[in-house]
């Protein structure tokens, strides 16, 4: 089994039990290393594009996060592991000091993988000390930041898997991260897509503060939503292939202006990782190359493609409010990371919405913006989410590489509309009841 | 007097009088040429950056619009003026055929200015024939498209002035478009900025269809808005200078992530067109170089700068809904183009909101997106607005170079968050009542 | 008649007659303006690539040369025409002050064409005063620099024609600089190419100082040359077409490494200005589009193409020493500018070398480097030639747009190996006798 | 001891003894691996700029060379190690098939270092079989190509060391390749630089074919050379520092035009690897950071810098003919790789020329071009040297990382004039006797 199965305690600002927190910390930290276990040392240092970070960088950066925001301010007498690591492993916190240029993370031969693991061990040891003996006055802040750090590390666990996929897909040898092929369910065909109506009105979205949430999910606030109908399942490879075969990638009328430029400059002809072989579409997966399964959800499409597909299909993408209104009614289960598939899987034959959680992140038509009354965290941690609120789009629901205790109805992921290397896909919506 | 003073008839889809339409057409067309009257032939062909178009291109493109969407489909027996002009003067309508690359519009020595004016005369002559004799069945479509074409030309009139300003500001000789200096009002100081509260709730925004509106202003729809307070006037140069002098351009904490990259790459230190001279700030205007007037509204700032300024000031930018709720209550008057200032001017000492219309376009915090239920126009004209709905921000209210019959409360302008060459400025807002 | 026919007095450092010098000056200056006579004002400001300068810039820059190197230092009481023109019209003389960025010469709306002609008139008036009344002590320096300035202006006359061709060829309307078609000689076929042997040994090349020469042609010096055979005439379009049709542009074995990269990145398939139309090759000329004449010399090929063609043909390009040894024996006549063809023309049926002067500049295999003992001119004028001695190749013999009193056996022209917009072509050579 | 000390048998096209050849092969192959011995696995995959190749790529590419040019054509029944390695490890041989893009060599996680060593072992085993049992008819070709392959691998050994230096210097941790500091000789001061005259005339340069030589060293041919004087030793850091301190990097008059652009764009202020620390210059070396030794030869300067320095010093760089005429008289000894310094060292107090071989490659003023009568090797191997004969400059004499049996008086190295990452330095010359 690739990843641990236990769930992350819904840690929040008032942890009743520091041992629970410490146990969760150890589990999350171990998960990152388990994800890297199949890698060769050579795989750890590669950066195949500016958006990708080398696996060893993820491992070190998540440790730097704990060192910077917990150990230095809260663990008395703590001395940093290495004076230059703050520069090397700060990602983008401008107010925390200088940082190594992002597109050049793959040029760092050193520290070695062994040294990075030693850094992790050093951080783990001190974090456990801090979590179990933090002083009364700091306990709440430490618990909150530790929880934030664990969620942060879980985000990087997802990035580890998306980046490893990119690194392996780039390589002409097409190495497999997992050797075993994915068992395909025997169900002959995909359940028909239908649209389920939801009555509009003034609704409430955003986090109410019961469990952990990022600042960008707050405050819980009212929105006015018209009646809408949300697709019962994700769009499949087969449905998307019809768009391709209808000439979708060569007809400007389906595409936003920026999208059409991207299609032409990048010469897109299909989702990322698809390759034609002998008249059939194949795709790179974490298990190596495999034939595209028409009944599985389409994945690795950009917002531009999701939006163009929706227009071609005579539908539209949902807003994030519409999505959340539906998702809030549904249990957080699905093809998430702990299932071990690490690839989106076919829908079941059900009456209600499915695949809401897991499988693929669902592009919404909502630009990533501040909720009314939004306040970022204080200080440097305020750079975590708030400063990205321009030119990106919101995605919802998690994917097949998202830890199950990391996702929730209010969770807002965001990427640029041309990004495709995430496990991102399409759910359609339409107006009316 | 630079521009005609008459107002554009609120032409809509059912023109009772074709002569009114023809008169409006002639006036709008004449305005474009009046704007260009002070230019030398050499000024007509320059493109100082990809966003700028040479004046002669604007003159020809607006003519192509009428030729393509009215004369060819509706004027029987019409023959195009030149077989290559469609390629040269199509701006971005992918479904209307090929077009000359946008960044290379300034490389076209020919057609000459004289030939472009001949093209305009040819279009005018045939348009007047069409407007006064269009067949019964087409009358409504012709009236609608002619009105759209006039609004389109008015948009380009504004662009003509912003682009001429850029062309002249680039030139080390700093030529003046208008020779006379702008009279500065004698009022010693600027009225204090205060914030006026508006009660929230379910509100209605968007065009109800009474007068002309672009497709992107429709449909009229409900939104939920919290209580808010909107600034009584625009932010002044003096207020913005305090941000500069406080180190605003060198402190990352005020800036969005994309913004901070832009500040560094473009080496921004002040609004566009500001230059330090002997310890004072000067700026390029359409009347040549002049000292920055601390009491006039700040202009030529990007969304990034507006947003950073708001954060530094402890406020925020308004949403487009908030702005429209206020603007809908106010008359459409202000320092618009017909006043002839062609530069933003000082606020008056008033109790209510002022400078809502005119002076500078006001950046809102709203990304440019489709209204719920939005439907673009049919066919190629659907490319007019809809395909730009990604990565841009909404601006509201018109500027000192906007024709007064071109602006309205529901009008949505949009530019990329880093754009600065428009007459764009800042109005602040805050939460609560 | 396009250009004056008189020859430039072989002005040198000891002019016996200042009136001769003044007359030559007037003639050269008038030639530049005559070249521009067919232009529209719109044509004067265009820069279609970084290497091209707008015609009005050439007109102003050549005037700046006289102002900077003659009027300011030698004409007592001279006041510069405009304080910013030195910045605008200095080309690349680093030690003469700042200069406007080269790729942005086409962004300057002002000064207008009329102002540039006024600048020229101002310079002419003062230059004539200087030439006829320069003080005894300065006479020699003035005569030398004035002569240099005239040769400089003649170089720019050639550039004017090459740049106008580029500007017109870029334009989709393909305007003609001269309306009349070029009369094609009736001779049925091209004389056969043969190679004429020259005995090797220690030879002397470079200028002996009898007439005017640039510094880079000096000193006259000895070189050792093996026996060689030089082609009797230029390579024709028909011969070059055989290379194209043999797949030359898609076979890497003929190309230098840098050349092959250029072929792929620039997607070269034929010489510059060639276009396929209905299965035939057409080309842009100064007289508009015309069918490629198989019997005329190939033109607008880069060094990369000339070198690849030679390799494909089993020959090589000559060295500049080989070329000069032959050229020094031949009279300076040929299809030069005064003939008015402004396009390369067919060879005659002769026994000896022909087309050595005129038609096209001939690429040699010699990199542009200093002759042994070379000394650049003193001061800023030392930047004229010497600082370009890296990464460029030598061309010899002048072209159909070279003034006849501007070319000589020792003349060294130089361009980067990928440049194609000059009138440059191919003469082959081989080893042995 | 880092490298083996034995000398490479001057293998040529008629090897009397296949065992000598096999022994040389084994030694050369072992040297490459010995060079990599101090590396961590993480160091093997890094490419810090397009010119640098990852160490594992060098190891594999040199093996591919033997596989492609020897094993496949000459070893009966040989099967390639992996079907994709030809694509991955072909460097630039267009006629040998496709190849991985050069700037992306550092993005290849796989094959692993272990797999690359397995590839090497496979090649070694089969090469030894071929060398000891090649059939009579092929023996001469095999011997020649094997020798070529060994020299090829030695070139890559030098590149391994220059590239490792670049990879380590890039890293903010500044790791040392060799831990021990370089012992500095006790000699107080540097011997004075003097210039030693050589009489000119018709001379002979190029390889006469006695030992191995690359095709670009042939044919031996006559050149005419004027009297010249060649500097007795290399230019030192101290002498170069005087140029820096005199403002050399900010005064355009010393620099070629292309050079000055490079200085400004790259913001050069000193040789590559120099860093100011507390008012002193330090530099990165293969032994980590050390203070710049004023008495050691300046290193890691481009042609542009060497040429500018020479102009500033009132001298010039030698031509390659001048250099070779002197070098041919001197024994091939010096601070070469086998000495183990791996850094240039101080000159001795001698009367004659010194440091001709080793220490640093010496930039000449000669562009890299074909010798008269030059013929590249037949077939794909003709791409080895000939296709680079444009825009590069010749360097002579080898460096402190050149194997001693790899250098000779006729050896022509070549790099672009802006390249600085090689161990390249300066020797001056002047005219006269």
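Order of writing sets the labels: A, B, C and D. Residues in every chain begin at 1.
Here, a contact is a pair of C-beta atoms (placed from the backbone, for glycine too) under 8 Å apart; a residue touches a chain by one contact, two chains touch by 3 or more.
As the structure is a computational prediction, the values presented were derived from the model and not from experiment.
Any chain that touches subunit A and also touches subunit B would be listed here, but there is none. Chain centre most remote from that of subunit B: D (centre = mean of CA atoms). Same interface as A-D, judged by over half of the contact pairs sharing residue numbers, among the pairs C-D, A-B or B-C: B-C.
We define each chain's centre as the mean of its Cα atoms; on that basis subunit B and subunit D are separated by 60 Å. Subunit B and subunit C have Cα centroids separated by 47 Å. Averaged C-alpha coordinates give centres for subunit C and subunit D that are 38 Å from one another.
Taken pairwise by the contact criterion, the protein chains form one closed cycle in which every chain touches exactly two others.
Chain contact summary for the complex, subunit B toward subunit A: residues 92, 94-95, 202, 221-224, 226, 252-253, 255-260, 303-304, 307, 319, 365-367, 369-370, 372-373, 382-383, 387-391, 393, 417, 431.
The touching residues of subunit B, when paired with subunit C in their complex, are 40-48, 84, 87-88, 100, 106-113, 167-168, 170-173, 175.
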